[in-house]
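The structures considered in this document are given below.
Shared between the two complexes below is chain A, which has chain B as its partner in the first and chain C in the second.
And then the complex of A and B:
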């Protein structure tokens, strides 16, 4: 456990100091501030528009940060051979992957919380009060990000950052349209139905983490809407990280 | 008579059906400096990677103190060729990270002190004695030890500088520091003298000789034959994956320089 925390701490330090991260974060903050402008031209719906755009902005910029940092996380260590130094010490592949995951998750969560603080400030200044309901959407976003980090880590154990980014975006797209896939499968031919149903269980259903449309109207999610996705995220992340560990173990450094 | 502590038996490794290391057997004595030489692509780096457990052999066996490498990681140190570290960390942070991967300090007493290293003796690399004396003193914090280690490898003034601004030579120095941070008994160095200026090379050689004085066993790959001749007790020469010589330097040179003897030997085989 100690080595996992040591690796996580180092990964956290390394990623929060990445200058490109600051660039993305600056764009995110500009975007959040600019939502006030869109709100003011929305004929009385300004708080709803600010919440809508604000939460969408936090989501999109979190994805950009995740894909940017995650896709090169292990690849960089393989390419630049820092792994030689780590694995010649008493560190297992399991400790390394879990530590990397935890460090990056902590780093991205911190960025999400920073964006959330700005968002809550803007909503409050514009007269929307303390939008605590949005915090449920942010909580689920953090758990959706956990799946995506695990996915990018898995890809970065065996492919280049560019290919990993493309695969992650494809899975992200499938993950958010998988509910439609299920409906479509019911109306399809048996073979197509079989394939679509299989994809429903193979790919992560990322729509489970989307509470943004509800919280914009101030409707409080029930406990199942929050707890179920968290458990789902924990299971999916475990599977993906296990695959990443197994992929890295097979690599001959 | 020094005991044999690293034993390599019939080691074999292939990549894409090409044999990179072919039936290599070697014995390395405790407390010696062993230079592993060979032309480019001879299999030196592949061998050292198998020795430290980074690469799995296709066949053969490696034993360090009669144990498999997976059980010896606490007592080995490794410096890769052309080392690259985390850009956004400082040298101090990096060594703290590396040190935290071990349970430092390992030795409450002084079990590894060499008979010659009695109290009051003055090693050539003076900071070195202080470092290891303190590394074994529980009262001294890890941070202090790391600071001393950074001073020892000549990075004292650059310790708070991000590694991304380090020159190749500075990275080599940091590479050596991380390799000896756990006070290892067996030190494996892949081209440690590459990229160093003459002063840096001399300092490195002094450190290696001091490590030997302290009973450490050092295995290193190098192309710089004059340095190998100067500090090694034994050498091994590998060509196209096969070991073509193993023994003492004088026995190999036979009144020639190591470079001449090496070139003659390789050309004879070709």
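And then the complex of A and C:
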């Protein structure tokens, strides 16, 4: 556990110091502030527009940060051969991967919380009060990001950052339109239906984590809408990290 | 830097010379498949585009406005204002049926916004001359939670006044007093000015009758008789005419 925490702490420090992160974060904050301008030209719908675009901005910029930082996380260690130094010490692949995951997740969560604080401030200043309902959407976003971090770590163990980025983006799109596969499956022939149904369960269903469209109208999610996605995220992340561990173990280190 | 500014200036000048092309509006299914679940944000983008398109005035017919509003409502069915806006504005650009269809969809999807049934009732009253449907939606308005008192009064009293013009004026006063939307407010103001002018001409015609024991043959008679200095211009550019038998004013 100590080794995991040391790796997590170092990963956290390393990613927080990354200059790319500051660049993306600056754009994110600029975007969040600019939502007030979009709100002002919306003919009286400013709070709704600020909330929609604000939550969308937090989501998009979190994805960008995740993909940028995650896709090179392990690859960098392999390229710089620092991984050999780490494994020469009493550190297992399991500890290394879990530590990396936890460090990056903490770092990205911190960025999400920073963006959320700005978002809540803007909504409050514009007269929308304390938008606590949006915090449920942010909570699920953090768990969605956990899956994506695990995915980028998995790709980072066996492919280049560019390829990893492309694969992650493809899975991200599949994950958000996976319900279409279910609809297609119902109308397809038995064999195709079997394949489509299998892909429906294999790919991450990221729409489970999407509360953004509801919280804007102040509707509180029920416990199932929050608990199931968190459990789903924990299980899916475990599977992906296990695959990453076995992929890294197979490498000649 | 000067070069950059010059190129930008030239680009804008050339762009302005090009004829305006109506925008291509994607289907909601396509947008939903590509927006990573950010349907509300996409609906906002459609709504903001609709305002820019309509307010920009580049399109003479604003023929794509219904498409923009339907797109916004398909992407975010709970987004109330595009329904209300469409109900009131689409009939003014000859899309009355689309405005009604959109507002009916809004009444189904959004239960707590009085503006949608109120504007829909206004459209039935003004553009369809359909008092039955107007009364139906005024009734829904009066029973919607959060409806302002003034609007509730107008809605519940609908049909109790024999004077259609007075009734219409009250409806527009309600809209004028409650809307934050500049486009709708301007439209309400123009309607109120329009009815004020008609009232003024009516009164002038009656005054003419008192003096001359007959109604004026044309509006200029009111100026010649020094009752009015001039005929005020109608905000919609409409012309008025007088009924010589009872002196009432109507739109030509």
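Heads up, the rule we're going with is that the second predicted complex is superposed on the first by the 253 of 253 C-alpha atoms of A that agree within 3 Å, B and C clash if a C-alpha of one lies under 4 Å from a C-alpha of the other, contacts with A are read in each partner's own complex, and residues count from 1 in each chain.
Assume a residue touches a chain if its C-beta (ideal position, glycine included) is under 8 Å from a C-beta of that chain, and two chains touch if they have at least 3 such contacts.
A quick note: this is a predicted structure, and the numbers were derived from the prediction, not measured.
Engineer: After lining up the shared chain so the two structures overlap, which partner does A:177 touch, if you call chain B first and chain C second: first, second, both or neither?
Structural biologist: Touch partner of A:177: chain C, not chain B.
Engineer: Based on the superposed arrangement, let me know which partner A:213 touches: chain B (first), chain C (second), both, or neither?
Structural biologist: It touches chain C, and chain B stays clear.
Engineer: I'd like to know which partner A:10 touches here: chain B for first, chain C for second, both or neither.
Structural biologist: first
Engineer: Report for A:90: first if it touches chain B alone, second if chain C alone, otherwise both or neither.
Structural biologist: first
Engineer: Is A:41 contacted by the first partner chain B, the second partner chain C, both or neither?
Structural biologist: second
Engineer: Looking at the overlay, does A:249 come into contact with chain B only (first), chain C only (second), both, or neither?
Structural biologist: So A:249 meets neither chain B nor chain C here.
Engineer: Contacts for A:82 in the overlay, against chain B (first) and chain C (second): which applies, first, second, both or neither?
Structural biologist: Touch partner of A:82: chain B, not chain C.
Engineer: Jot down the residues of chain A that show up as touching in both complexes, chain B in one and chain C in the other.
Structural biologist: On chain A, no residue contacts both chain B in one structure and chain C in the other.
Engineer: Touching chain C in the complex: which residues of chain A?
Structural biologist: Going through chain A, the ones touching chain C are 38, 41-45, 48-49, 52-53, 55-56, 59-60, 63, 172-173, 176-177, 180, 206-207, 210, 212-213, 216-217.
Engineer: Report the residues of chain B in contact with chain A in the complex, numbered from low to high.
Structural biologist: 49, 52-56, 73-74, 76-78, 80, 83-89, 93, 97-98, 100-102, 175, 178, 182, 188
Engineer: Going by the contact rule at the top, pick out the chain C residues touching chain A in the complex.
Structural biologist: The touching residues are 33-34, 36-41, 43-44, 47-48, 51-52, 76, 78-79, 81, 85, 179-184.
Engineer: Can you list the chain A residues touching chain B in their complex?
Structural biologist: Touching chain B: residues 2-3, 6, 9-10, 13-14, 17-18, 80-91, 252-253 of chain A.
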